[in-house]
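There are structures below to look over.
Across the two complexes that follow, chain A remains constant while its partner is chain B and subsequently chain C.
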Partner chain A sequence: MVRRSVSRYNPEWLNKKLVIGGSMILVVVLIGLVGPLFWNTDLAYVGSSPRSLPPIWALKGNIAHPLGTENMGRDMLAQLIVGTPSSLKVGLIAASIGLGVGLVLGSLAGYMGGKVDNIIRTLADSATTIPSLAVLVVIAAHVRMQDTTVMALILALFAWPHPTRIVRAQVLTLRERGYVRMAILSGANAFEVMFIEMLPNMLPWLAASYTGGISGAILGATGLEVLGLGPARVPSLGLIINQATGASALMRGLYWWWMPPILILMIIFTGFFLITMGLDEIANPRLRGVKA
Partner chain B sequence: MGGLTKQYVLTRFFMFVLTIWIGATAVFLIPRLAPGDPVTSMVMRMTEREGRVENAQELIAAWKERFGLNDPLYIQYFRYLGNLVRFDFGYSLANFPTTAWEMVRPALPWSVRLLAVALIFSFAIGNTVGALMGWRKTPSWLQNILPLSLTFTSIPYFMFGILLLYFIAFQLHLLPASGGYSRDVTPGWNLPYIRSVITYSILPLVSIVLTSMGGWALGMRGLMVGVNNEDYFLLAQAKGLSPARVFFRYGVRNAILPSLTALALGMGGLISGSMLVEYIFAYPGTGYTLYRAIITQDYTVMQTICNLMILITATSVFLLDLLYPLIDPRITFRRSQM
Partner chain C sequence: MIHRINETPKILEVKDLSVHYFTSRGAVIAANSVNFYLRQGEIMGLVGESGCGKTTVAMAILQMVQSPGKITHGEIWVDGEELNSLSERELRQLRWRKLALVPQGAMNSLNPVLKIKEQMGDAILAHERQLGRATLKQRILQLLDDVGLPARVYEMFPHELSGGMKQRVCIAMAIALNPPVIIADEPTSALDVVVQRVVAQTLLDVKKRLGVSMLMIGHDMGLQAQMVDRVAVMYAGNLVEVGPVEAIFEEPLHPYTQLLIESIPSIDERKPLKVTEGLTHDLRNPPPGCIFQFRCPYVTDECRAGRPPLEEIAPDHFVACFKVKSARLA
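Our next item is the complex of A and B:
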C-alpha cells in the first residue's frame, strides 16, 4: 500500500471526486445562466428556424444555428439553453422537499422510537420498493402539467424515503454519543439537540442523500418527459429526446438532435454521482484510499 | 436452523400487503386530488385534438356515470380495491371490448424474463467486480482495470440504450434494433424462434446490465473493505489457504449478505428503468405496452400495468425476504429485534 502523508488539517472537503463532480455540475448550471446572455432563446420554439439543419461542422452547416435545428424548426442550441436549467430545477425542488420531509420524519422516528418509529420505518421501507416510474406515469397522465413546478411536486412523492432512512439511522447512532447525552442531561430540548448537536454531524450524509435525491428526481422527470408526459410547451432535455425518438431521428441519422441532450444529462448524472460518492467518502473514511 | 420463524414470515407478509396497498392507493388517490377528473380532462384533450367534440357535456356526464365517478370517493375507493383483489382491472379505454388485463398479459412474460436475466447478470458480475476491488490481494493491474467497469454506473439505463441502439444497431448493423423477435420465424418451441428471441434481447439486456452492475460493485467494494480487517479473514490468510478459497469462502460469502438486502430495495428502480429500455427498443414487454397506452390515453391499461408492476416488485421483495434467513440465520433475529 502507498503511504499517504496524513496532514493534521486534512482538507477532506477537497475530495477529488467531489471537486470533479462539482465542476461538472457547475458547467451544466452555467449553460442555463450564461447561455441566454449570448443566444436568443426564442429560437427554442417551433418554426423559428429552418428545418433539420445539420450542425456547423457538417457539410451544410450554418453559422446562424451552430448546433443545427430539428424537424419542426427549433434551434438546438437555444433548446439546450432553455431545457437544461428546467431539468435541474425539477431535481432541486423535488429533492429539497424530500430532504425536508425526510429530516422531520427521520428525526421523529429516531428520536421518539417505539410506535412512531415503527410506522415511519415501515412506510419508508415500502415506499422505497414501489417502482416509482410506473406510479408517476399514471399520475402524470391524469394531471395536466403546464410547468415544471407541478412535475417537481409529483416527483417529491418519491424523494422522501431515502433521506428519512438516512436521518433515522444517524439519529439512532448519534443519540448514544457522549456529547449528545451531555446536551440532553444539561436540559437541552429536542430541537436544540437535533439541530445544534446532531445536524452538523450528519451533514455529509445529508448532502450525499440530497445530491442522490436531485439526480433521482431528474431521472424520474426525464423518464416522464421521454415518454411524452412532461410539460409539452416548455423545452426540456427529456422532451427533446421524446421528440427526437418520435421522429425516428436515430434511424434518420439526425444525431445532432438527440445526442446533445443525452450528453448533457450524462454529465449531470455523472456529476451528481461523483459528488455523492465523494460525500460518502467524507462521511465514511473507511472508503477513502480504496481505488476507483 | 432455517430461522424462518412464524413472526418473521407474518411481518414480511404484512410489508408485502402494505407495499401493494400504498402503491395502489397512490395510484387511485393522487390523480383524484388534482383539479378536474379523468373523464373531463380526456374529453378536453379530445377537443384540443379534434377541434370540437359533439355533445361534450353529455359525453362527460354519461362517462362519469359509467365509471361510477358520481359516487362518493370512499365508495369508489373500496370498489377499486375490491376489483384489484379479484384481478378485475376493467376494460381497456382504447380497445373497448378487450379487458385491460388481456391487453397486458401477453407482455408480462417478456418483461419478467428480461428482468430476471438482467438481474442475475448484473448482480453476479457487479458483486464479483466489487469484491475484487475491495480485496487487498487483487493483482494491481486488475485493480487499475476494474474501475473502468463503473463508467456507465450513473447513466440511466435507457440513455445507454439509445447510444447502443444508434451505434450497434443503426450504424454497425450488428444486432436488430427493435422488437422481440424476427418476423421470419414462427413463435413456438423451435430453434430459430428461440435464437431470434435471444438475439433481439441482447441490446436491451446489455443496456440494463452494464448500467446497473456498478451499483452492486460499489456496495460490495465497501463491504469487502470491511471484511479485510476481520479477524477470521486474517486467520484464513495466516493459515495459508489458497487465495481463491479465502476470497470466495471467507470474503465474498460474508460480505454478500447486505448486498442481498440491497437487491430487494433496488428492485423498484430496476423495474422502472427497464420499462424505459423496453420503450427505446420497442421490446414487447409491459414498458412498451405502457408507452402505447400513454399514446392512446388508455388510462385503465396504464393503471393495470402500474398495479402489476407494484405487485411484481412486492412479490419479489417478499420472496427475497423469505430467502435471507435461510442464507443468514442472524437476519430473523435482527429484524425481530428492530
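Our next item is the complex of A and C:
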C-alpha cells in the first residue's frame, strides 16, 4: 500500500480555513526562522540596549529598537525573535509525544478490548482528573529547567490521556463498521485495517486533538513561565509577560512590553484553531459540500 | 416429479455446522447442525424470518462470526478446502479469492473517506501485491463495466453514489478476484423495487458470465422464486427444507415452508394475511422435539418427543418433518 502516499495532490488542500490558519502559523514560525538573519539576537539579553525605550511610532521612538526596549535594557524585537520559536517548540514536542502515546494506547485499547482496554481506560480516565497545572507547578518548582525541552517533556505527562480517549472511542466505533469488516474479509491485515481503513476516518479527530494539544501545551508552558517557573535564562513569550508584570508594565503604560507576546500567542491559538477546522473539512468529504 | 441425479460437483459444502452465541444467560443456538451444499454454477437461496440464523450461517462460512458467537461444531468445505481448520493467515489469503461476500446494506460497506478506485484496488492488491498500476486501473474499470457502472465512478467517493450504485460497487468488489463462490447477504434489502431489479439482474448477469455459484440470503420470497435454483428454508437455527425452487413453490412440504409461501401477497386475490399461531421458542433452550412444534398446525406427540432429521425424500430435496415422511411412505 506504499503506492497511496501523500504525493497525491488534491485541490482540496487549498481549503480557505486551512490556508489562512496555516499562513498565521507560518508567519509566527518565520519570526523565529528568518528573524535571526536580520536582527541581532544578542539584544535579547539584559543591558544590551537603552532602558524603557518606546516603539518606533511613539514620540521618542528609535530606529535602532523598532519595538522598543524594556526595563532591564532588553530589545523587544530580539526577545520576540528568540522567544516565539521556543514557545512553539514546547507545544510541538509535548503534543507530538502525547498524540503518539495516545495513538498507540488508544488503538490497543480499542482493538484488543477486554483487560487491556480496562487498564488503559482507567489510567487515561484517572489522568484526566488530575489538575495538571497544580502538578506542573510542583514538578517545575523541583526540576531545574535549563531549556525548554525539559519543560516540554513535563508537559507531555499530561498530553496523552485526551488523544488516548479519542482514539479508543473512534477505534471502538470504526471496528464495527461494515467497511472495516469488508476489509478484513478481503484480506487486509491488522496494520492495513488500522492505518488505511480506520486512520483516515479518525483524521478530523486526531487533527483536532493534535492542534488542541499544541495549543494546550503552549498555554501550559506560558502559564508556568508567567508564574516564573519556566527556564529563566532563555527568553520566551511567557517569561516576557512574567517580567512585564513583575515590573508593573501595565500600570506604567509600557504597553509595548506586555502586548506583543500576548498578540503572538493569540495568533498561534487562532491559527491552530483554523487549521483544525480546515483539516476537518478535508479529511471528511461529507462536510465539504458540492465541488465547484 | 422428474427423478434425475444431479452430477454437478459440489463447490461449497456445509456439514453439521453449529454456531452458538454465548451470553450471560445461556448460549443462544443460532445455527444447529446445518447441512447443505452448493453445486457449481447454481444459485441457492437461504430463506427464513428475521433472526433465524441466515446471516449467522453466512458469517460462519466466511469465518467471521463475531464474539460472543462461536462455531461450536462442523466443517465448511470450499473448493476442496476445509475452512474451520485454517489459521487466520491462511484464511486471509483464501477468503476473497475463493469466497466473496456481497454484504447486507451496501451503504455501510464502503469506507466514506476512500475513493471507489482505492477500495477496489486495496481488495485486489491484498491478494496480488505485484500488480502494476496501469493493469490495476484497467482491471477496476473492467469490473465497473461488468456491473454496469460508468467509468466516472472510478474517481468517486461513496457518498456521491446512489444506494443501487453502491450495491453494484460491492458486487464488483466481490467478483474482483473471480471467486468460485459468492455469498450475497440480502443484496437487495433497503433498495426500492426498481433498483432491486437492477441489482438482481446484475447478480444474474455476473453469475452467467463468470459461472460463479451463489448463496443468496433473503426473506423476499418473490425475488428468491425469480432468481435461485434451489431454496433452503431455515427456522430457528435449523434447516427444515431444502429443495429445487419449482418443487418448493409448487408443493411446499414442510409446514413452515407452506406458511412462508402462503405469506407471499398476491395481486389477483385479496386474501387475509396468514397469522401464525404461537411464537418462536426461546433460542437459548430449544424444545426436545421438532423445532417448529409450537407453531405447527399438524403437531403430534411424535413431534414433541423427537427431532425429525433432514432426510432426502426426492433427489436434491430434503425435508425435516415426520408427517411428510410418513405420508411419503404410505
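Observations on the structure shown:
Note that in this section the second predicted complex is superposed on the first by the 254 of 292 C-alpha atoms of A that agree within 3 Å, B and C clash if a C-alpha of one lies under 4 Å from a C-alpha of the other, contacts with A are read in each partner's own complex, and residues count from 1 in each chain.
Convention: a residue touches a chain if its C-beta (ideal position, glycine included) is under 8 Å from a C-beta of that chain, and two chains touch if they have at least 3 such contacts.
These numbers come from a predicted model, not from an experiment.
By the document's definition of touching, of the two partners only chain B reaches A:V137; chain C does not.
In the superposition on chain A, contact is made by A:L219 with chain B only, not with chain C. By the touch criterion stated above, A:R177 is placed in contact with chain C alone, chain B being left untouched. By the touch criterion defined above, A:K115 reaches neither chain B nor chain C. Counting residues of chain A touched by each partner, chain B versus chain C, the larger count belongs to B.
With both structures placed on the common chain, the touch criterion links A:F272 to chain B but leaves chain C unconnected. Note: residues 1, 284, 286 of chain A belong to the chain B contact set and to the chain C contact set alike, using the contact criterion stated above.
On chain A, the positions that touch chain B within their shared complex are 1, 121-123, 125-135, 137-139, 141-144, 154, 157, 215, 219, 222-223, 226-229, 241, 245, 250-251, 253, 255, 258, 262, 265-266, 269-270, 272-274, 277, 284, 286-287, 290-292.
Chain C meets chain A in the complex at residues 62, 64, 92-93, 95-97, 100-101, 103, 105, 107-114, 118-119, 122-123, 125-127, 133, 157, 159, 170, 173. Contacts from chain B toward chain A in the complex involve residues 15, 18-19, 22-23, 26-27, 30-31, 34, 36, 38, 41, 133-134, 136, 143-144, 146-147, 150, 153-156, 158-159, 162-163, 165-166, 170, 177, 218, 221-222, 225-226, 264-265, 267-269, 271-273, 275-276, 279-280, 290-291, 294-295, 297, 299, 302-303, 305-306, 309-310, 313-314, 317, 338. Partner chain C is touched in their complex by these residues of chain A: 1, 3-4, 177-189, 192, 196-197, 200-201, 203, 283-286.
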